[in-house]
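In what follows, a single structure is set out as structure tokens and then discussed.
By written order: A, B, C, D, E and F. Residues from 1 in each chain.
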Amino acid sequence: MTAWQYENKLGCMHAAFPGSFDPPTLGHLDVIKRSAAIFDNVTVIIAENRQKKYLFSTEERVELLSTLVCPWKNVSTALCRGLIADFLKKKGINLLLRGVRGGDFSYEYELSLMNKSLNPDIETLFLTTNPEYLAIRSSTIKELISFGGDVSAMVPPVVEMALKKKLGHL
Amino acid sequence: MTAWQYENKLGCMHAAFPGSFDPPTLGHLDVIKRSAAIFDNVTVIIAENRQKKYLFSTEERVELLSTLVCPWKNVSTALCRGLIADFLKKKGINLLLRGVRGGDFSYEYELSLMNKSLNPDIETLFLTTNPEYLAIRSSTIKELISFGGDVSAMVPPVVEMALKKKLGHL
Amino acid sequence: MTAWQYENKLGCMHAAFPGSFDPPTLGHLDVIKRSAAIFDNVTVIIAENRQKKYLFSTEERVELLSTLVCPWKNVSTALCRGLIADFLKKKGINLLLRGVRGGDFSYEYELSLMNKSLNPDIETLFLTTNPEYLAIRSSTIKELISFGGDVSAMVPPVVEMALKKKLGHL
Amino acid sequence: MTAWQYENKLGCMHAAFPGSFDPPTLGHLDVIKRSAAIFDNVTVIIAENRQKKYLFSTEERVELLSTLVCPWKNVSTALCRGLIADFLKKKGINLLLRGVRGGDFSYEYELSLMNKSLNPDIETLFLTTNPEYLAIRSSTIKELISFGGDVSAMVPPVVEMALKKKLGHL
Amino acid sequence: MTAWQYENKLGCMHAAFPGSFDPPTLGHLDVIKRSAAIFDNVTVIIAENRQKKYLFSTEERVELLSTLVCPWKNVSTALCRGLIADFLKKKGINLLLRGVRGGDFSYEYELSLMNKSLNPDIETLFLTTNPEYLAIRSSTIKELISFGGDVSAMVPPVVEMALKKKLGHL
Amino acid sequence: MTAWQYENKLGCMHAAFPGSFDPPTLGHLDVIKRSAAIFDNVTVIIAENRQKKYLFSTEERVELLSTLVCPWKNVSTALCRGLIADFLKKKGINLLLRGVRGGDFSYEYELSLMNKSLNPDIETLFLTTNPEYLAIRSSTIKELISFGGDVSAMVPPVVEMALKKKLGHL
């Protein structure tokens, strides 16, 4: 289909926000909050990759996210054990959301091309990370925890509790 | 407002796609086409900066874009002589669209932060440029034209005609 | 001189922070404030490049900076009409300060190599820009002003006054 | 604290240069040499992360560094088993040194923000890598060694000896 | 040797294209095809790193590549168990080919400097990846396969067959 | 043509190295020297863009380059007033050489795609800049000169002479 063929918008806007969320951070929550204000429906997809080791089990991550998104009526959660592109096709979702920072964008660009090649209906939309969350990454949080660092300013209260429980401090 | 305060989506989704469009390219048209399929309404904003020199006058650029977006019922055009952030406030539009390629994303990131600081309601959403349009930039087209290069594969037919007319080849 | 030859520190630490400061921003002031707390002396160098057009004259920029750095006893200002590398040699200053953001660092890297090749005693030290000032650049401020935008959140009060005066709003 | 609040420099300048140093390279030594000429005191911090595998044990790395920094009177070494940010707080050191090359700076930027969020007194200062050491990384050296490559041009003589001993060539 | 000393070209042009090729992709094949049209001889070097885990064994990768390059009279394959720089010296090959995409080029730059420092005769030449293959990486293919994804559009038919066999689908 | 269609190399290798060369630098000369050792023939193309202002006239730049490449039997110069892609087609040259540094590669990537779209026979090959020339750019040299800086370490002797003459120091 060439660029000057025309289609008009159909149906309501349903967007998916996929991630490992191991653990969910204030940065994730900020993207969810802003997405909830933009789209009709947002599904937060907790991805499970059997080759990765997680701090929180799949069940724990689904539960944490479900608690966190509870206050938004138009946000729900889902678990995806296979390819995101396949999952979106099954669910009829065409919008994929990613949070991005400054710096080299090439990885995100290639990922969006790959998802489009697997499922041509998928559009990836990027939101920027709020500068106050620039230094917050799930991987950083896990590394800080391994050194006994305080991550309470980086995660929502419910995740802080879960982290303390997980680490035997409660 | 902290990250765990809640808002739900309100109203229909109206997005703006600002640019100089001097001239509009197949890459611009691809972003417009894809945006039209995502959002309820899309306004293509032709920006006028009096300190810049343009190949096509403001009127010509507005006319070209109006012709190009004509087939989409949910796409319109508008002229902006001041700040985009102010224009969006007046029009009640909260979504700003930008097409991005791979590479360093810092300029786009800073621009989105600046727009948010000028108007906190603005969310910038980024769509990726289709790889087949990676090498197409308005500035490139103007440089090619200055050397007598053939740009017919880079612009829609109506722009090709306008270019020929502008350059006295018709 | 090879890497395993030894020199010990000599004298007090005098650092220079060069720039156009057209106009000085809150980001500049933040770098100055933090530098003043690190180094024995800091000289803010207002660079004059005759091939560049400035919003504020050299005299105005020197005056603005002098007012701004007044409260720090260890910060002074100087005007440089030639090469920064030569200026530092004359003044016996060996440290050059630059504020950097995320993104591609290559330009800054090459600039530091060039300065070292012109004057091997110069060490460039980079401080990071505070995230809250990420979107603030002098060039952005001038562009915003040309569109009538409000830049009061981007500059110190004395610069805001000077801008209003310059633009005839006072 | 806003940007126009004032503090003056207090006390002597003590900077820390943290790393794994597995093994120390000519690039590290170059940064140490240049830092020793800038700051009153430099502490080279050998970081131990129990989740990482090292070629040289913590004790070996501390010993190598101690030997290497011996000729500088103002450089010492220290071992850090926890968070660098906490270690600096205990020692009363506020300056963190990092060597940087050209390319994407985002990782370093985020790291500096994270350290500042953990300990607001920390300033990270970046020095550039000398171009002649651009291709020298500890990870590269270990990979070259695993293929039997000659790394004698990349490390100080004492490290070359230690590598030969470690690999059973002595 | 300074820049204004002179050497003229000697002998025929023999270039090497090294990689893991686990598995070979359409992107690899595109680089091979284009290199075969440029250079007198091209040797595709299958690198074996005992510390890496591969999907296809060294023998399988050599066999796949040998089949794939068969139609080009001037392309051959070779297995390299040690350093590429040493291998090229033994074979008398001075040109190293790499396919590159947009984005941060620093890793490739450092790699080329390292190879030149190990063997000053080596010149690295970079070809760009065709945009239609931008999202194709061997690592991506393996990840897609682990989720049951369809990679038939990313690899040559003979590799698709080998993948199906490997995964027990034949 | 798909990736598995086969072509074998035809004819001798003739490469072009285009640039403004205003003025030619030691970095340019290094790329020319290395190219002369790789390819059968190298044509240094002096590009003329009537919209750009040059320090040296087209004739002066052609003369400087002709003098500089004189010692290599397989290097010649040519003047190009139009598009490089068209020029190469006329001359039957298919290889375009570019020198690249680390950092963001996107501009070069897009340029190579544009040239291929204008003339599908063109392959762009990238050589890396020698680290000792990392800070040398023609634009930097001109800026240094405007401040009276010494650029004798950045250009070949014949260019230094020409610069002195141009600036009235001879």
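Everything below uses one rule, namely that a residue touches a chain if its C-beta (ideal position, glycine included) is under 8 Å from a C-beta of that chain, and two chains touch if they have at least 3 such contacts.
Computed from a predicted model, the values in this text were never measured in an experiment.
Note on connectivity: the fewest chain-to-chain touch steps from chain B to chain F number 1. The chains that touch both chain B and chain E are A, F.
Using CA-based centroids throughout, the chain positioned farthest away from chain F is A. Comparing the CA-atom centres of all chains against that of chain E, the greatest distance is found for C. When the contact pairs of A-D are matched by residue number across A-C, B-E or B-F, over half of them reappear in B-F.
Separation between the centroids of chain A and chain E, computed from CA atoms only, is 34 Å. Here the spacing of chain E and chain F, counted between their Cα centres, is 28 Å.
A straight line joining the Cα centres of chain B and chain D is 46 Å long.
Listed for chain C are residues 101-106, 109-110, 113, 131, 134, each touching two or more other chains. Contacts between chains, counted with the stated touch criterion, involve the pairs A-B, A-C, A-D, A-E, B-C, B-E, B-F, C-D, C-F, D-E, D-F, E-F.
Remark: chain E residues 49-51, 82-83, 85-86, 104-107, 109-111, 113-114, 117-118 touch chain D in the complex. By the touch criterion stated above, chain C contacts chain B in their complex at residues 101-104, 134-135, 137, 140, 144, 146-150, 153.
Chain C makes touch with chain D in their complex at residues 3-10, 13, 26, 29-30, 33-34, 36-40, 68, 71-74, 94-95, 100-106, 109-110, 112-113, 123-128, 131, 133, 156-157. Looking at the complex, you find that chain E touches chain B at residues 101-104, 131-132, 134.
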